[in-house]
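You will see two complexes here that share chain A, one where it goes with chain B and one where it goes with chain C.
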Partner chain A sequence: MNRAITPDSLMPYIGTALLIIAGSFFFPQILTFDYLTQQLQIAAFLGLLATGATIVILLGHIDLSVPWVLTGAAILSTALVGSGDPLLTALAVPAALAFGALIGIVNGIGVAILRIPSMVWTLAINSILLGLAVLNTGGFNPKGEASPLMVSMASGRVLGLPMSFLIWMAVCAVITLFLTRTPFGRYLRSIGYNEKATFLSGVSTPSVVFAAFALAGMCSAMGGVLLAGYANQAYQSMGDPFLLPTIAAVVIGGTSILGGRGGLFGTVGGALFITLLTSILSVMQIGDAWKSIVFGVIILAMLLFQTMRKGAHA
Partner chain B sequence: MLDYIRSNRREVIAAIVLLVLLSLYLGTHPRGASTYVLTIWANQCLILGLAAIAQFFAVVVRGIDLSVGAVMALTNTLASHLLDGSAIGIGFGIVAVLAAGAACGLVNGLVVVYGRIQPIVVTLATASIFIGVALMLRPTPGGAINYDLADAVTLDVFGVPTALVLSGLLIFAFWIPFRRTGLGLGLYALGSSEQAAFQSGLDTRLIRIAAFTLAGLFGGVAGLYYSFVTTTGDAGIAANFTLNSIAAVVLGGVLLRGGVGSLVGAMAGAFILKTIASLMFFSGIPSLAQPLFEGLILAAAIAVGGADVLRARNRLEVFGR
Partner chain C sequence: MNQHDVPLLQIRDISMHFGATKALEDVDFACRSHEIHAVLGENGAGKSTLMKLIAGVLQPTEGRIILDGADVKLATPRTAQDLGLVCMFQELSLVPDLTVRENLLLGAPGSGLGWLRSEALAKAQDVLSRIDGGHIKMSTRVSDLSLPSRQQVEIAKALMRAPRLLILDEATSALNASVVAKVFDLIRAERDQGTSVLFISHRFHEIEALADRISVFRNGSRVATFDQGVHSYDEIINMMVGQKIGELFPPKPPVSATGKEVLKVENFSWEGRFADVSLSVREGQIVGLGGLDGQGQGAFLMGLFGLLRRAEGRISISGKPVSVSSPKTAKQPDIALAFIPEDRKTEGLIQEQSILENLQLAALGFKDLDASDPELYTSTLDRLELKHGGLELPVSSLSGGNQQKVVLAKWLAIKPRCLLLADPTRGIDVKTKTQIYQMLRRLADEGTAILLLSTDYEELIQLCDETHIFYAGRLAASMSGDSMTAQNIIAASLNVTEERKVVHA
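Moving on, here comes the complex of A and B:
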């Protein structure tokens, strides 16, 4: 199970390649360097969120507070920059990450201590954050702007590659190290398999849950900072369209929604695949209705293919 | 009586919370406990109540249905095309709307059982498909519902809101008999222990498909009732109802790990959730702070429901839950 690259996790990469090849027949511009690197840049937003979601899903839980952690981090960072104070501007990104970690810990309290199903507890936290944002901004679009640092994180390029993509890869590399080379990673997966057995082996399971949710919160916050840098502002509900694609990216990357099985390698492929699929559907200029249907059918087809492949082996 | 309370502790707690909230609501409402106030309240509650029932059928077999809101959007947009015109046409339309809901549920059930994919992921994907179909039927909100029929089911009967009459009928004419049928028992057996259910000779696949079909059917009923209350079709209603239906069943004492809870509890949870929202409206809390208080109350209510953990005699007990 320690193998990072499983057939399941390769699936989205194959899908991505197929999308590019099939798409290029109809739209030759897909094969240009500009288009592909732009996709990498956009995929980083979804990818960072999916990275956090992978950690929580490996644990056997789910984090539905992603949309408003993202929005909250974006509002917080742009407001700090908007204050005009150089010190506060410099603190914008760390403050947003701290905010994400804090919410993650609140999520962890409900899940690990109160033993509330994560699906409802994180949902409640999400609506509290929504309430805080509405109270704070008066329901209008929040004031403030992105700092030059945030803009370059989201839209800058290094050696032709998008900065946001590099940040995403760096985060993935660090978290992969955590997951594969530290006890934390082993405990995380073993809780996903069997929490009781893990607890009985002497692992402090609550602290693992806390750390996992805090990491996930920081990933969501990072996604929010990048999105705010990309749009040069924060806006209400900016995170809502990301919730379900995030879960889809994790799952088609071969991570089991029940926990314990999977990894970040597949998630990266999943995020690339979903971003490219959405983009190509937009390029094709078909209506929202068909976009939604095709999206659902393709996700379902990939999942069915995964289980059928396993069925053939069993 | 005491035994009844003890064995239905969760439903009883939910009912008491609901009564307290409702009396608070009627107490603070400027127009007091009039039929008019109650009718509006009951209509809103019943829409979410039906969505929660849909969610309940998925949850009780240890599943979850993220397509509840999408099925509502689909059936709502379908109803906005079919429920206007001749009486026969409307009758046919109602049947078609409910059949569409059940068909959505059937698709979910078939993919879950024969595709062997987790319900949460299946319904995530099918929800996208259903919303697509709904958008095709109604790209922008619009359409019409026969007003006479809508009035008949959303106003009151001799001073009692029709929505409450319908809720009562649902519980006494559907749930209580249904609970005693083979399928009703099978749902709980499957949710409590799939292996035990299978070894007792139950057709677990059929039961799971039936549970998701029922979830779809009630999603359809919720969409239909939503159409009667709003008299338009709108494809954009999905996300809210899905998430609220999950919160509602949990508030109503239905356990997400399956096998525990009842339709009555799910409805009570939905009524509590809607009453909290209505209570906010007249509470004098500044309108900008209302979403925050709504969220805080939701979190507190769920946390209280989870307070059982404090009664656990040893730490191992909490893992079984």
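Moving on, here comes the complex of A and C:
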């Protein structure tokens, strides 16, 4: 069986610990409860997206429609709340999740039935969603607002811990159960390694692909709902800065970009690491150019370290 | 045969250790020019390791390799090739996404920076047309070729390098008898021009047809070397495994026509690849499918398992008409078909996953089966004597024969009513073959219907109760009992039978 905790998946946790220790020399306030829980709150947004991305990457595919599924879900939910109708307000979150699942199924159809490479298909879907959003809003920031529920999901606290973090953990726990305890999880990894052999073993591979993309779409939509709650509004392109960090979080967490190997435990670490790195780089008050360069170099260094460690074993 | 006192290639006191495993121990071996030297042994006897040493893929732990009387060090495959030592490996070494031409020129001498030597290509084209591969277009992508065509390209690729020593490791395993005969003519012609050939095969009739001398390996040592004809099959097998050829195949039970019909296929057709095929398999029967390659028998099996869209015809299981639209429908208890695909490495197993995970993949999701219960697999694995260091190890750690046992156990877990097998013993050693034959016969005795596609006509004759031969997508002949002879099978495969006896059971 696949062990959940592998040396690869521990790497981002070690990285996170090092960042906290090193950062605290320059900025002692890093070690405060407020700062750290705030990081957990922010990491949940990236983490939810990365949770969905992990499912799709385990399958051996990639989902590039994350940014506009996120934005679409945010626009949809805030618009429903903005209508003022209590029923529509109550439906805001479920509707956003249904929207994510729907786009996920569309992605699944393209990949599993029409056999278009997921990298191309999901990119096209992302672009179509962008177009639809602009048509719908006329290019301005969409009207609407977040419901109290959405705000408390994004910014509330329970027992001192951020609500968004708890939601993220709950989603992770449920999906981890799915991945480790059900045939679906086994099929998912098997397809990631070898789709042909899995299909020949009598597995309905298209249904697994549908389910995986639908789950991923719902994770992206959930991220959109939380971000809208956090900002109390939806805005164009709010998802764009998240695409690459999402994939980076998954890969840093030890999930193979080729599919099959990996899991959510590492992804959680990856999301924490990237969030903290971004935060510390911005408190350091260096120019944006250097921030980008340092960010890229650190990500590369972590990946190189993993490959070299594997090379030493082979 | 010419006598040459100095062998082309000598191996002295070679040992090869992988950790604690001793693949070869103090082996001496020599190969003369103008000779075809067959190397025999079970899987794990060390023959592939020896070939890899000669091809420069592995470096020996100890010992010397001597070419033309001088010590050589074969650090890379390239060094070996430059010295004229060319190996065609059992694991097909073509790049699937490149065309035939690009593959042929990959690493070919003088093809630096992509400039193509047209003479070399002409030689390859010539080789291909001499082994029935004339239809293979240079511009075809290798992934679009059938397995036999790929082997033909492999052979052409090896021969265009004008080898001094040619190693053929199961080089003809996917080819049918008539193409094999042409490949052999070509190899003999190479020998007569002075090339020495090392030939590994598990098929005795091929060795009888081709080899001048034979060396037998067992457990990492060379047991004996002798001229062809000095020892009988029986004696050679004894040297290899201590088993008699009579024990290779289980005895056939007396013919009985009483078993219930499990699988009945009527007028099965698909897109011109096969047409109007009708046959049936009864409980307890092993029915063989033979013929030249690509005559539709492989596609026919795939069609039965629901892998072909828009296949026409009627399929009934135990008298009930069924429609099999996908492997998932095929394995459901009301149909209960199992299919052992042709390529166990990429179609039968997921190499990166553990033995146990592979075993579970077919039974997973069945309501009345607990896939996580090892009991489901152990009886099959015990019967087949699977050698493994733990079920949690990756399946890629097993040898080819043991991998095939895992594929079988995985499918037997769902208790299939009818087992479809596509050439299950290709490239597998004698001992494992015997175990698989016994397993199949025992399953048949227990009531499973078995449909076995084979490229080895010994299997069709010795194991099957009934054999159907495909030609150009149709059943050219059906035979059973005493009419199943090598001559009849070959004649039917070439469609030269005087009177076509098509008997639908």
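One rule holds for everything that comes next: the second predicted complex is superposed on the first by the 313 of 314 C-alpha atoms of A that agree within 3 Å, B and C clash if a C-alpha of one lies under 4 Å from a C-alpha of the other, contacts with A are read in each partner's own complex, and residues count from 1 in each chain.
Here, a residue touches a chain if its C-beta (ideal position, glycine included) is under 8 Å from a C-beta of that chain, and two chains touch if they have at least 3 such contacts.
Predicted, not measured: the structure shown is a model, and the values here were computed from it.
Trainee: Look at A:5 in the shared chain and tell me whether it touches chain B only, chain C only, both, or neither; answer first, second, both or neither.
Mentor: neither
Trainee: Where does A:158 make contact in the superposed view: on chain B (first), on chain C (second), on both, or on neither?
Mentor: neither
Trainee: On the A-aligned overlay, A:284 touches which partner chain: chain B = first, chain C = second, or both, or neither?
Mentor: Touch status of A:284: no partner.
Trainee: Is A:14 contacted by the first partner chain B, the second partner chain C, both or neither?
Mentor: A:14 contacts neither chain B nor chain C.
Trainee: With both complexes overlaid on chain A, does A:248 touch chain B (first), chain C (second), both or neither?
Mentor: After superposition on chain A, A:248 lies in contact with chain B alone.
Trainee: After superposition on the shared chain, which partner residues are touched by A:196: those of chain B (first), chain C (second), both, or neither?
Mentor: After superposing on A, A:196 lies in contact with both chain B and chain C.
Trainee: In the three-chain superposition, say which chain, chain B or chain C, touches more residues of chain A.
Mentor: Looking at chain A, the partner in contact with more of its residues is B.
Trainee: Can A:183 be said to touch chain B (first), chain C (second), both, or neither?
Mentor: Touch partner of A:183: chain C, not chain B.
Trainee: Taking the superposition on A as described, I'd like to know which of chain B and chain C A:260 touches: first, second, both or neither.
Mentor: A:260 contacts chain C only, not chain B.
Trainee: Taking the superposition on A as described, I'd like to know which of chain B and chain C A:125 touches: first, second, both or neither.
Mentor: first
Trainee: Is there a shared patch on chain A that both chain B and chain C touch, and which residues make it up?
Mentor: Touching chain B and chain C on chain A: residues 196, 199-200.
Trainee: How about chain C: which of its residues touch chain A in the complex?
Mentor: Residues 305, 307, 326-328, 330-331, 339, 341, 346-354, 356-357, 360-362, 364-365, 371, 392, 410.
Trainee: For the complex, give me every residue of chain A touching chain C.
Mentor: 1, 183, 186-187, 189-190, 193-194, 196-204, 260-261
Trainee: Under the stated contact criterion, what part of chain B meets chain A in this complex?
Mentor: Residues 64, 66, 111, 115-118, 120-122, 124-136, 139, 239, 243, 246-247, 250, 256-257, 288-296, 298-299, 302-303, 305-307, 309, 315-316, 318-321 of chain B touch chain A in their complex.
Trainee: Under the stated contact criterion, what part of chain A meets chain B in this complex?
Mentor: 62, 64, 110, 113-117, 119-121, 123-132, 134-135, 138-139, 195-196, 199-200, 240, 244, 247-248, 251, 256-258, 287-297, 299-300, 303-304, 307, 311
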